[in-house]
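What follows is chain A paired twice: with chain B in the first complex and chain C in the second.
So, the complex of A and B:
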């Protein structure tokens, strides 16, 4: 059958053209994952001949450590709070910038500045600003009479949480605002005009026209930000070091400590694998949300 | 035998020298097989891995041109900040890389490295190839030398307990080895504002009780003036503050003894931590932010004139607009002295292809002559003779005051860390306890009890059985 042969040839050609990308993808994802699983089942002695198979011992160890379980909870809370605030604030900023005022271009340029600053640098600057002895924040809050005593931002758990969330929000809200601004500019004007003619006010317009049109953009921003927020390390490491006590200890700080300070590669691999599973589950759910809100993923 | 170091040093090779050398080499071959080979050819260069700021890399950089003059070949120096340095050193040693001939090693790393760092005891015993008087091993401060460089290869948790005389033959006889030569000795000292002390008619505190009294007297928050800094933030510094107090109050400042028992959850430990918490919470003699302070922030707080005293490892300086004077005192004692100390040493990569030359290089860099020159950049020397020289140098005393006098005396009574491959975890368990107590989240005795339980678990996980 000439038609069947041609289809097979086309299929072979397709697979042939696809194969370099597939091989690359396998090398970049499957191989490291297999490597991770292999090490998670071994006690790894980097500096001696003591590497040996230990079964699930590394998993038992990390999953029975209350500090690490707490770090999982801290990480999830951090991501949920940071992303929620960034979506809310990002939407407000996007709505402001979408009004096409003469100052819009300048404001947009200013708003995206934090995106260009390395997280470590941002954290170092925040650390100095928040120092209760010589930082600007407490100094001005006291000067303006807002507070009578300096606030120990990094020595109190609640304040330390405000600081790490504040740093993340300062750094990443512009990214969310840019995505939502693109969404706002893509909203067709016909339904807006029609609603206005029907007497809809600003709140009704936002609720019934703008928000439904923005849903897919909000979902995209949420997924992107959640992925990045789960990867947060440098900012929190520099700003709080996981403290006070271990109240802001994210799972990435534990991973860093196990792998690169204790050089306990087996335990770090086991923890990394557990984190990968958690991320896969969370991301799967988020992609479902994204899929419900975007035509592209539904198809 | 005359040792030819390079172009600037001629070799006087006579028949008599040849006979003496032959006899010497035969003796060395019989006695010290590792070092018995003929001197290896001069390499094109040596490479050294060094710490950027923690071990005064400026001093080493300044000595590099002199090294080339003395040896006739270059020394390539790579410097890195602490965390990157540790990762780099461990990665190089784990992969068996010969790239770095000489590595700087911090004391907490060494228990894991006794099979990767070259023991140099045999080379020290056969130091005849070095210029006369260069090594002078007994010139090193004994406490510093034993805590930093002497380990039992197959029982790296053991501290040296064979007396305070540095005798390489005795070290070897007792199954220990020398793993490097100390280069930078850090110890907690007390920097204080001499101008404020004079104004308030107080003297440097000799005991911790006096310290609390002086700190209270010099605290006046309405003038933004506090008695002292402390480093109760989450990090190694909080453990170091606590272990210093623990030792001063009569406890074992090593925190964990050589039988793997946590020894900080003791009456002395509870007394020490309670005293520490009281300074911060009850007496309020520390500036706001103390429970998140580190070495760096404490130094900045003192430098900006907000505190009158500052126990620290750091070289302390005052901002020009503060306009005061700094003097130094030993960390006070209570029943004994016990300032925390930790020293860096220069060691030889066991995979190096230039081991003999690397040994000559570390002997040269840690020699009295080179360390004395490095005083100008405030290297913390490891030799007694260099401290004696520093105190007689009016240029140095004019510039640094009594810094070297206090540093030298403090090193003689310093207390090091436990020797554990998982010290980073043990350290963390203790600093979390100190930080939690310091900010009033838990009572000192509860914090210490929890930390001791955690440390026991960590030690068991790491295979340390009491």
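So, the complex of A and C:
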């Protein structure tokens, strides 16, 4: 370990190089949190002088509202379903892409295109394609005889859920598959050959060699995907707007509506604060998953 | 038998991937269809391709309040500035976290990583109120600063893993030659980091270019970006398919090109340098 003066020099230099980035990050996390706490304890009057302290009234109001409580359930269910399906499907596709075909590069290139499409655009396209009157999906399903009546995709709660999960899966499965494909391509071939010579079939190979080796890659895909899924706004806002009713109303949509459309800033701040608490618990767990299954958090 | 199963597998994967590409294909197809038949059912498959929708959208003869080409320019300016800001602050931070030994380094790295959990839908509320109080509504800083901050954890973590791969001996040799820390960072480390910097910049650009929530909440016209503009092709009269898809193609095309160019480094970026 270097001496005192040297250590001090390193500390100055280290924090000096970090400080512009830290200022920017604090500006977008700590500062909003302080304001959020302040607003959550006040009745906020944006236009006049009517802002006053109301204690925990906003929290009581928000946490006793069944619609808002439901948005927590909607958010958690959305993240769980989307991530689980994306991991399953992503693994299947990665396994297919890992077989070396002459056109593997082309396939992979085509396959990752959804990642680049702006969520607003993909949501709008899904909305148009799912339209019961003009949409191509209902039209072709009917003309191929799969269904007899057009399906009202966005007017029925269950169908709307299929639509928002389908949109997320379409957009983000390539992300999961790309990570798992990198994992599959890094599997050392010696143990695979040895097991094969010992008579292991493809299923045994998958369970005992491929899957254990992929564990860290699955953990990484799951963590990063879950974090992004919790932040989903554009896709669901444009596709269903939280409807029908508020059956697909994610917390993010609720926050937007409360604060920027109803201007009920106090309630929005209280809800935002509760969401932050939930997310920090989730983030702790995510970091634990990363720490236990991967070495990316190591020095 | 073996040949048959591999043929089946090949057919299956092509089917899956072509099915996934349908929405993208539909966008392009509809954008070059004459507007009067774009919504007709059964869908018209043979038609004379036209660039009319593009011309309408880009020159402003469509139903929107602003010319879409202007929004593309706004998006490009916001994206360029946010990317620049994230790199200027992120590169030194990544170097510091990877190379310099000081107390609190590990904690800071973890804190930076955990800021990705902060949802934009929460931070937009105070930013919206502050921006309107300070008269910053519909100006560049209210988009550029948040976008840079959203991308920073990715930029820092990804570049940190690249810095660690630069052999320390190279830096030591420069130090022995009497170069200062700043010179080492700029002249020795940065050139070796370039592949990582390019990848981080492109991912950062994708993030800023596609962002919707802040742009929707904080802009009106002066810096309104393309994603918000696209969402406005849907209004009470329904969606203008031709205009919307032409605008979407113009917006999405550059990012798709980037995605293809970046393909090999996409994984490293999306996993913050965890997978290479």
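Methods note: the second predicted complex is superposed on the first by the 266 of 299 C-alpha atoms of A that agree within 3 Å, B and C clash if a C-alpha of one lies under 4 Å from a C-alpha of the other, contacts with A are read in each partner's own complex, and residues count from 1 in each chain.
Simple rule for what comes next: a residue touches a chain if its C-beta (ideal position, glycine included) is under 8 Å from a C-beta of that chain, and two chains touch if they have at least 3 such contacts.
Please read these numbers as outputs of a predicted model, since none were measured by experiment.
Novice: Give one of first, second, both or neither to describe whether A:245 is in contact with chain B, with chain C, with both, or with none.
Specialist: The first partner, chain B, only.
Novice: Tell me which of chain B and chain C touches more residues of chain A.
Specialist: Per-residue touch count on chain A favours C.
Novice: Check whether A:46 is in contact with chain B, with chain C, with both or with neither, and answer first, second, both or neither.
Specialist: A:46: touches chain B and chain C.
Novice: Identify the partner contact of A:197: answer first if only chain B is touched, second if only chain C is, both if each is, neither if none is.
Specialist: neither
Novice: Touching A:5, do we find chain B (first), chain C (second), both, or neither?
Specialist: neither
Novice: If you stack the two complexes on chain A, which partner ends up touching A:129: first (chain B), second (chain C), both, or neither?
Specialist: second
Novice: First (chain B), second (chain C), both or neither: which does A:276 touch?
Specialist: In the superposition, A:276 touches chain C alone.
Novice: I'd like to know which partner A:18 touches here: chain B for first, chain C for second, both or neither.
Specialist: Only chain C is touched by A:18; chain B is not.
Novice: Touching A:156 in the superposition: chain B (first), chain C (second), both, neither?
Specialist: A:156 sits against chain B, while chain C stays out of touch.
Novice: If you lay the two complexes on top of each other, which residues of chain A touch chain B in one and chain C in the other?
Specialist: Shared contact residues on chain A: 46, 134, 260.
Novice: Touching residues of chain B toward chain A in the complex: what are they?
Specialist: 83, 86-87, 90, 93-94, 112-113, 115-116, 233-235, 287-292, 297, 300-301, 304, 306, 422, 424-425, 428, 432, 435-436, 439, 441, 461
Novice: Taking the complex as given, what residues does chain A use to touch chain C?
Specialist: 2, 7, 10-11, 13-18, 20-22, 24-25, 27-29, 31-32, 35-36, 39, 46, 93, 96-97, 99, 101, 107-122, 124-129, 134, 136, 139, 143, 170, 174-175, 178-179, 182-183, 217, 220-221, 224, 227, 230-231, 233-234, 237-238, 251-253, 255-256, 259-260, 265, 268-269, 272, 275-276, 279-280, 282-283, 286-287, 294, 296-297, 299
Novice: Using the touch rule from the top, collect the residues of chain C that touch chain A in their complex.
Specialist: 6, 9-10, 12-14, 16-17, 20-21, 23-24, 26-27, 39, 41-43, 85, 88-90, 92-93, 95-97, 100-103, 105-106, 108, 110, 112-130, 132, 145-146, 148-150, 152-153, 156, 181, 206, 209-210, 212-213, 217, 227-228, 230-231, 233-234, 239, 241, 244-245, 248, 251-252, 255-256, 258-260, 263, 266-267, 270-276
Novice: In the complex formed with chain B, which residues of chain A make contact?
Specialist: Against chain B, the touching part of chain A is residues 46-48, 61, 131-134, 138, 149-150, 152-156, 160, 240-246, 257, 260-264.
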